[in-house]
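Next up: some structures, all given as structure tokens.
Consider the two complexes below, in which chain A is the common component and chain B and chain C are the respective partners.
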Partner chain A sequence: MSGGTVDRARAMAAPLGRPALAAAAFVVLAAVFFAVIGRNPLAMIGVVLEAAAGDSYAIGESLVRATPILLCALATALPARVGLISVGAEGQFYAGAIAGTGTVLSMLPTPGWTMLPLMLVTGALGGMVWSLVAGLLRTGLQVNETISTLLTNYVAALLVTWLVYGPWKNPASQGWPATVEFPAAARLPALFDSRVHAGLLIGIALAVVLHLVLTRTRWGLVLDVLRSNPRAGLVAGLDFRRNALIVMALGGALAGLAGIAETASIQGRLQSDIAGGAGFSGFLVAWLARNHCLRIIPLSLLVGALLASGDGLQMFAQVPSSVTLVIQGLLFVAVLLVNGWLDRKRPA
Partner chain B sequence: MHLQLRSMARRFGANLAVDGVDLDVAGGEVLALLGENGAGKSTLMKLLYGVHRPDAGQITIDGRATRIDSPRDAMASGIGMVFQQFSVIPALTVRENLALAHASTPWFTGRGARRATAGLAPLAAIAPEVPMDARVSSLSVGQMQLVELAKALQQDPRLLILDEPTAVLGDDEVRRLWSLIRGFATRGLAVVLITHKLADVTACADRVAVMRRGRVVATGAARDLDANDLLRTMVGERDLAAPSTAPLPADAPTRVWIRDLSARGPGNRIDGVDLRIARGEVLGIAGVSGHGQDVLADACAGVLSPDAGEVIVDGETLFAPRQREPRAGRVAYIPEQPIRNAVAPDLSLALNLHLDRLDTLPAIPDRRRLEADARALLTRFDVRPADPGMAAGRLSGGNLQKLVAARELRGAPALVVASHPTMGLDLAASAFLYHQLFALAQAGSAVLWISEDLDDLLRHAHRIAVLHRGRIAGVVPADQRHRQTIGAWMTGHADAEAA
Partner chain C sequence: MKLHRLVRPLLAAALALGAHAAHSQTIGYIYVGPEKDYGYNTSHDLGRQYVEKTVSGTKTLHVENIPETAEVSRVMERMIKSGASIVFATSYGYLDYAIELGKKYPKVAFMHAGGLKTGDNVGTYWANSDDAIYLAGMAAGSVTKSGKLGFIAAFPIPQVVRSINAFTLGAQAMNPKVTTTVVWTGGWLEPAKEAEATNSLVDAGIDVIGEQVDSPITIAQTAEKRGIFVVGKDVDVSKFAPKSVLTGASWNWGPTMVKVVNEIKAGTWKPSHIRGDLKDGTVVLDPFGPAVTEPVRKTILAKKADILADKFEVWSGPMMAQDGKELLPAGKAMPMDMLESMGFLVKGVIGTIK
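Here is the complex of A and B:
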């Protein structure tokens, strides 16, 4: 393609913006995919839209799915502000669920009003401690944080499995591996008569606060310098280790909060696989948003809606719900394509 | 070969980088292309080498009009070029680098390059002492450049272009390069030597072409030209009074004491360095690169924690093992390679100018005030463009150096550590930077100035200490009479002083 065509296309694309272009590419890719599996693309896209946002129930389910993704995306974006690539939101999610569940179980059978705040705080602390393992390995021993967070994810997930099959198993649940049901005192308040809970509002508020802190404060500038050039940060007397540990800890707390909120308010008990990939979806959302906290909000809602539409696809279109994972993958491919195309260097 | 360039022109945006240049080069002669940073020397030669395409103009080689669209075309026409930015691969050995660059090496060579024998002859001819199986990353800058030169010679060019080859070299290395260049000319090669140093011209050029603002403003035989005339032609009508240091009073009190300092850096160390710098003194550190200069600079600026010893400023220990006081305002540091060591490339100029004093900003900094501060500094230090919101990484090398100088030299620091502060700067910018540096000294700062340019050190410093293998080989007053002694210390002949 000649440079002129690219320039013209770029000029045309500018007012539409990247999101519109990415959305268009996504619809095309999804249509091709549906055609390949022998379905009418238009009808299927209609089903996806219907299942994601067709009525108040569908919208509610989309928001339910979006909530943990939003918090996990923030948990990924924070370490990225000093250049750390953490894929540990999933494990921190589980660690938060474990710590918070421990608090709830220890306060049974006489739950009081203190249960909810204590549960949330210990949940956040659980995620924080889990994240700090990777943080300390990185700052103390130069262990690559991407690998260590990835591996500790498995440890946390298996720890949950062990707990719900063993010490924390509800004796009344027969074969079903799960803890006892949480009391109502451990639930976050629900919004608009749906399963959506206050965790969504907490997540949105945190995203806005984090955005302001990262872009307006001195500390945000310090993080920017450390990300841009750690060596220049060192020469300027900035402390990489301390700041790396702070963002890892805060990120872990956010994912831990997501974990305990999901456990207490949606599932109502701790059980295996409770994260359901929210940590990884969060990582992808953070990446799509280029670690920009405000952009994370709509993208989480979009990805949450896509995932929620999987149930609808299964019910109304008789396709396996795993199709939504393919669709999620296509979304990322679409964004990659559009970004790659728009960002590619002009020929010299 | 006889090369003719006619009416060459190239525009970058609003900037006419090369503006209608005519130039001739003949086989067997060395043409020095002289000019300041941004005069268009490199751009002109990149047009010839096919890196950029000219907007207008004609290239004629041996009477035939030649179209050069890529470096490949240039090589096919017998033109070789050594760029300022090296293209050797540090992780590979010298042999592998040469083999991979050689035209006869097939693309599927892979690790076979370890045993290759093709393409080694040019390096063996110009620098037999460079070890073929050493990794390029372990070579000195001078040796890397020789490898780079050998790569260009593999194509057996008839015209060789060298872009600022002496900018990164020490005294001995420069002399050797000069004699190599003379040798090429004797063998009939045409050589274009891009430079902004007059010494290069007098040492090895037959003819000079001076460029200013994209035009060739003067040409002539090298031996006929007067150095002062050349300088004036290069910089135009601007004032170029040579910067100078004020004489140091004999009773100037010690301001900075680097006491018995030992430290280790990556692949480098200093061992028991003990230096006192008086109030107002400029102490030059000479030495062949790689003998601990970077470690000394980092340790004196508190970036590297020493193993032993201390840095005492105004009677107070600032840096020692397990002790590090904030340096902001007291110790100014211009490290080598600013893009790597002193600048956050994707952040704004305004932020980069506050990098050393972020902790003194209010918790929620006022961006407009930062930018206003920055704009004043950018103007004062002539950083171009003076746009506080622009990302620092988009500045040219010389302007980056000015940006770091603007940040570090603005206050009244007790100690200034400057490591190759004028590297990459042209004459006018260097003169300006020296003015700033020496004005600080005159106002009472102690200056530790690391350089490989012995002429500059001798001209401007009060005393010169020589660093050899991490130790101070000796300290003498900066005086031409000590040149021999300094040279001997630099190469490790400690006892030459008696001679």
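Here is the complex of A and C:
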């Protein structure tokens, strides 16, 4: 194998090349799967494409689904820069949703222009506080952050359930456990004539900013040292605890923002189950993107589009929902394959 | 848009939808669980199939496993964008989303299962199973040898509490001494917990089980293995548990759905709360299993005839609460609000609403 081929392959694996290769591998895998279950692969892939991006409505819905995944992926990637494995985006999402909802409810019935910014800030703070619990447990008591974030996810989700069944239940909802509907003042501006909201732009902007900060600043370098060589970091006088708390806090804030933005702009009220697995999808995206903030953008869009297209696939191709789950799983397999293949070719 | 135009014809050909291109009406159906759950969702899908078969020129779209969140807005809107002029939103939590979307699409008709709110173009449909469950309870009361019945239920909401009480009252009509032990599973579709609950009830000497969860299938099959009996609900699963199923209270949504669809087509439909029951055939007493003897069948069918002729009312006194306090004096019918918000268990039920 000539070095040239490897170099070219690696050049293609620049931020956008890797997801593109993964997408191609995914199409091949999906085609094989459709053929195996006896459906015409071309027609079925056509259905997926149509449901994910066939018209402005489909594209909008794919972007809607991608928005919280993008923010939750960033919330996972950031702690990973110092080597922390957080699976807590789902819980931080709910904590942000709770905190932001608290702000909205406390400002009713006279919402002013301050409601939206206050709601977003408290939402981010909610996610931050939730994430810091795991961060402090790690830095103070050496409690494994993967376990603590995983467990606090359940606590946050159950807290939402308790609130909407109890103190925050809308008395006019006839038994349905949800808060009152948010006022228009709490909605982020929508883009075009769709449900896509400004949270998407915020997420993309944050991904770019984070990428620059992590790759171009001294702080980014500090994090790299702490992750790849903690001993050297110690010798150089770098403070692991302080930096671990900072990345956990910032990550939590991002997921919290995702939670309150989704609650206010898409759901229009707080209720159970609204994360729809965005935190866990975000974790997978971050992992597939190797915590590379720019690569997270296209992968989030890809995963969001695939999740949003599931019902279209059921509707137009008359397949059970399990088929859409398999297709979603194949996307991850495709990315794994591509990552594995490219990394194997990397010189030792 | 371009891709849309490109893919559509390809699809039509490949999926052999082309033959039905001249549909005058598209109807969307959304289910909260699996379409093949042999329970709540299957009952609605049977209704869908009936509509497709009965109303000519009708095409249906259906999607399963859609959570009761803003996800359902996307699904409903995609159906509408694909030409659906009627949407059946078959789960309770879909109601607010249907009403919201109804404002955006005033020409689309929405039908919601069980809701208590309507909109300008959002109506609801539901059916009262109490009578059929009472009759099925009679079968349970006649078959039990231990006098101990069980009831496996999802959540202590009024609709479910009514079923537990109706089942118990029916059984007591045949055998006044029977008790009903209630087990809550805390979820509509919890097959592992349902099987576990069935087994522990059998171990406690219970020999007939009633249920109100998403589907009777797990409980019926477990009961078949353990050699005890069950009373089903929503869909008749006797072919999966031929010895165990005594009878059941099944839905028959088809005719109601066809009626609504025809009214919408004719332009005479007005959103309302359509409520069916045993009398109008939306609820059906399932065929009896082999364990129900001929004299018992006759007694139950006679009671059914009384109900149909308004000679017998399930929710009337004398009725005692669990603790022996009188709920209704003899001959008094239950007031509507007491029925709709039922928060008590009748005498003979073992368990709590908590």
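FYI, the second predicted complex is superposed on the first by the 315 of 348 C-alpha atoms of A that agree within 3 Å, B and C clash if a C-alpha of one lies under 4 Å from a C-alpha of the other, contacts with A are read in each partner's own complex, and residues count from 1 in each chain.
By our rule, contacts are C-beta pairs under 8 Å (C-beta built on N, C-alpha and C of every residue); 3 or more make two chains touch, one makes a residue touch a chain.
Given the structure is predicted, the values throughout are model-derived calculations rather than measurements.
Touch criterion not met for A:296: it reaches neither chain B nor chain C.
Contact with chain C, but none with chain B, is seen for A:174 once the two complexes are overlaid on the shared chain. Of the two partner chains, neither chain B nor chain C is touched by A:204. In the overlay built on the shared chain, the residue A:224 is in contact with chain B alone; chain C does not reach it.
Using the contact criterion defined above for the overlaid structures, shared-chain residue A:276 touches chain C, although it does not reach chain B.
In the superposed three-chain model, the partner touching more residues of chain A is C, compared with the other of chain B and chain C.
In the superposition on chain A, A:50 makes contact with chain C only, while chain B stays out of contact range. Of all the residues in chain A, the ones that touch chain B in their complex are 216-219, 221-222, 224-225, 228-229, 231-238, 348. Chain A makes touch with chain C in their complex at residues 40, 42-43, 46-47, 49-51, 53-58, 61, 64, 173-176, 178, 195, 266-268, 271, 273-274, 276, 308, 311-312, 314-318, 320-321.
Residues 1, 3-4, 7-8, 10-11, 13-15, 28, 34-36, 61-71, 73-75, 77-79, 81-82, 92-93, 95-96, 100, 116-117, 157 of chain C are the ones touching chain A in the complex.
Taken in their complex, chain B has these residues touching chain A: 51-52, 301-303, 326-328, 333, 335, 340-347, 351, 355-356, 358-359, 361-365.
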